[in-house]
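Each remark here refers to the structure printed beneath this line.
Chain naming follows the written order as A, B and C, and within any one chain the residues start at number 1.
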């Protein structure tokens, strides 16, 4: 007799823990053949709230870590993902990918994480400036992390889209609340397990599963979320964009083929940063600057 | 030897009026819309008056553009973009902008005087700050036009097309420069609307632009009220909205363009903290407080309107501040010795006076400088409130006038927390002699511009813009180019 | 009489940001002084001048001529005041005093091994007492800059206090020689020491070192006087010396005095200019205002 397989329970990821949704609800997405993918948490607006609270709490210490340290931690995510490659491949296959497609997606995801790990301690050097002002001041502009980023994972992929939006957002010291692909949610939760085992502090990334209709507007409207990033949202776009106005959330929609090597880069990082310009007087001892 | 007590032999020496001459400037009785390098009558046939807020005299009548006029201007800009400007080489674009800068410098005196007449700001400020900065802004961005490929590493960029720009009344010409110069350098065409109380210098700039030989339609300047601005925001053929003004209007604009794909930069309100530690260079800090809140009558989005003084020096700082306030000259903005000019409009004066009443009713202690107010015009004495709490309305809401709320603090952590405890994040000031503390604060304060041991400094090379509800995007410097470019895919 | 106070008990001086001072000073320079205000200001400047000759080659003849000029600034025009004082070396005090007999022009003498101050306390006291005995109304001493820069503030403080004692009834001006103190922080600290040690006036420079009385330095010293006045109610005088040779700069100095200390300081009891060529420039400006015609230096005597 065949062994009875232990089925995985897919929970959500908030503040470094794996609770079930506070609503106690679940949904069962089907793959293209009509097979159920599993029972996923049908998260509620309260879960969004809890996730934002966790993300805000984690922001201070994550953003204050050295860029080098964040780079090490992001690299560690890639290491962990590499070790669990097979699990992701199998989940992607379950969700409809061929084996070759699945392998390609996982490898690209790993490589993309490594790519952003390397940016952590470089983007500020590339993007900052010392501004030659005309007065006796030293003036420089550098980028700072923005705060809590709301991320809608791209719908058409389970893993690579999520990685492509999430990792550039957090590698600069932001924390994130991510809503997984509604129909392809499996890799998101398994990825949360990877994060949980790779030195990423609890709360830096929070991952929810559920329906876009229910979760996205609440996240976009949340007054303690600083930016909202997603793919173009079609019919939801205007509603989401208007919901984001109340606290003047920065909002970015990216149209990209996430499985392309080109869908990564410095500017995915810089969109979720704030530019700060600092002035200080320069004392000129010696030569009198009196005009007389 | 016993010292003499004061008051015996001092001489009552004061400054005679020293008015900047209004000769050699021309203000027409009536201004039309500047579209396609021509002066076009508004199809609305409506005009509104612009007045001198220092004496309530009417200066001129200004065309009031409606939807049809806005459409005309946008079409002019679109045609200029398609037919001429997008085909003009970056090198030639650059030279046009340099020309505008030089012509502005040649007209500097005229621009300063008109700015002072129309906006009420002291001639010292228009002459020494607004106008030179505006000229320099064109000069700075002129040089970028043919170097854009160096601005964004490894990322080819291209112009957006037509930019709609709506600017405020506090720095009329300077804001026009902040908007137009980078837009042109990046290869865009422009439809700009000045604020209804301060259209004149933008219209003077239109004359200069025409004289520069810039191709017709590249810059269009149309005047009007809020409905004119709304028509620009809602026009379907505009690729970008750049707005400087209140946070409320910024949100209305952001809602209006939601989902349209129009790019936006917003420079909005603020309630910036100015923080004085006990080891600060006290006398320079007091100057920084004065400069922070009384510069341009406090009509400054980044005004240091929340003062935080370390408790052990609060009495000293406030005493020195009051003394300094009493040496400020308030009066005719055209007088070269005037420090505090007129409030920009009657409406704004009423807003400020409303907040002063609120401050008093909240139990804060008021001090106003002792200067006389002129009989006519809109003026407000420099005002400070002590005994203010974080929860007072006067320490939370933007007043946009010469009104300072003062709170005390005890520790570094406390003041960082209080300073950041605001929906705004435009600017902040820090005064201390201790270098490591400066860097601690400047990195922890959530604001786009931090002035350490100085305040209210501006430069074309220095990016300006806020965090949180103070808006997004930057103006000035290399980073200001990003507002007018998109990635070439 | 001020109560003697030891340096250790002084309140601390605030730090100074030089760029901020430059900005503030630039604001004073944008004040526009025209018409009535200018005429009144120029008279005031003349009345505040300490006409000065401090040279190794000074002779009784030179000093006598300068003293005559002190109360006959420009006899071609009747409406100008006398200068406040003449300033000479101790050996010339008697000559100046005699020459100015019967006028309201005071005689100031430098002392304390002027200009370097590199001598012993005894000699400095003797130097001072000699000048006072010769009839000096005012003593312009120099502080020991070397000691100050070496951090020996107590020494500087005590030295000033002992010279103050030696002055008797003569008013004491303490020269900081700001050009050798190098930073405005030092200028502020030295002002503080001088004021608390008994100075009646503080003075920028000897005239032998550049830079001398820049507006930044004078501003810094005026702020020290203001703080002392706020703390004690006692007025201290100020004398910028060296480098002020134009009316415009002199008027801008008055603007600073007015806006920092108030009109009470606008007289020669509390404010002086140490200058030699300033007087003629002011006279030329006055004559321009009176006649409407730009003037030539050939018409104004050089003494």
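Please note the rule applied: contacts are C-beta pairs under 8 Å (C-beta built on N, C-alpha and C of every residue); 3 or more make two chains touch, one makes a residue touch a chain.
Quick caveat, the model's predicted, so the values are computed rather than measured.
Because contacts link each chain to all the remaining chains, their graph is best described as complete.
Between the interfaces A-C and A-B, more contacting C-beta pairs are found at A-B. Put simply, the chain closest to the centre of the protein, by Cα centroids, is B.
On a Cα centroid basis, the chain most remote from chain A in this structure is C.
Inter-chain spacing, taken between the CA centroids of chain B and chain C, is 43 Å.
Chain A and chain C have Cα centroids lying 68 Å from one another. Between the Cα centres of chain A and chain B there is a gap of 36 Å.
Within chain A, contacts with two or more other chains are made by residues 135, 137, 281. The set of chain B residues that touch two or more partner chains comprises 453-454. Shared contact sites, meaning residues of chain C that touch two or more other chains, fall at 17, 19-20. Across the interface of their complex, chain B is touched by residues 126-127, 129, 131-135, 137, 139, 141, 144, 146, 226, 237-238, 241-242, 244-248, 250, 265-267, 274-281 of chain A. The residues of chain A lying in touch with chain C in their complex are 135-137, 281-286, 288-292.
Within the complex formed with chain A, the chain C residues making contact are 17-20, 22, 25, 29, 182-183, 211, 214-216, 243-244, 246, 249. Within the complex, the chain C residues that touch chain B are 1, 14-17, 19-21, 23-24, 30-38, 40-41, 44, 169, 171, 200, 223, 230, 233-236, 254, 258-260, 262-267, 269-270.
Contact residues of chain B toward chain A in the complex are 136, 152-155, 247, 250-251, 254-255, 258-259, 266, 268, 423, 438, 442-443, 446-454, 457, 459, 461-465, 467-469, 471-472, 474, 477-479, 487.
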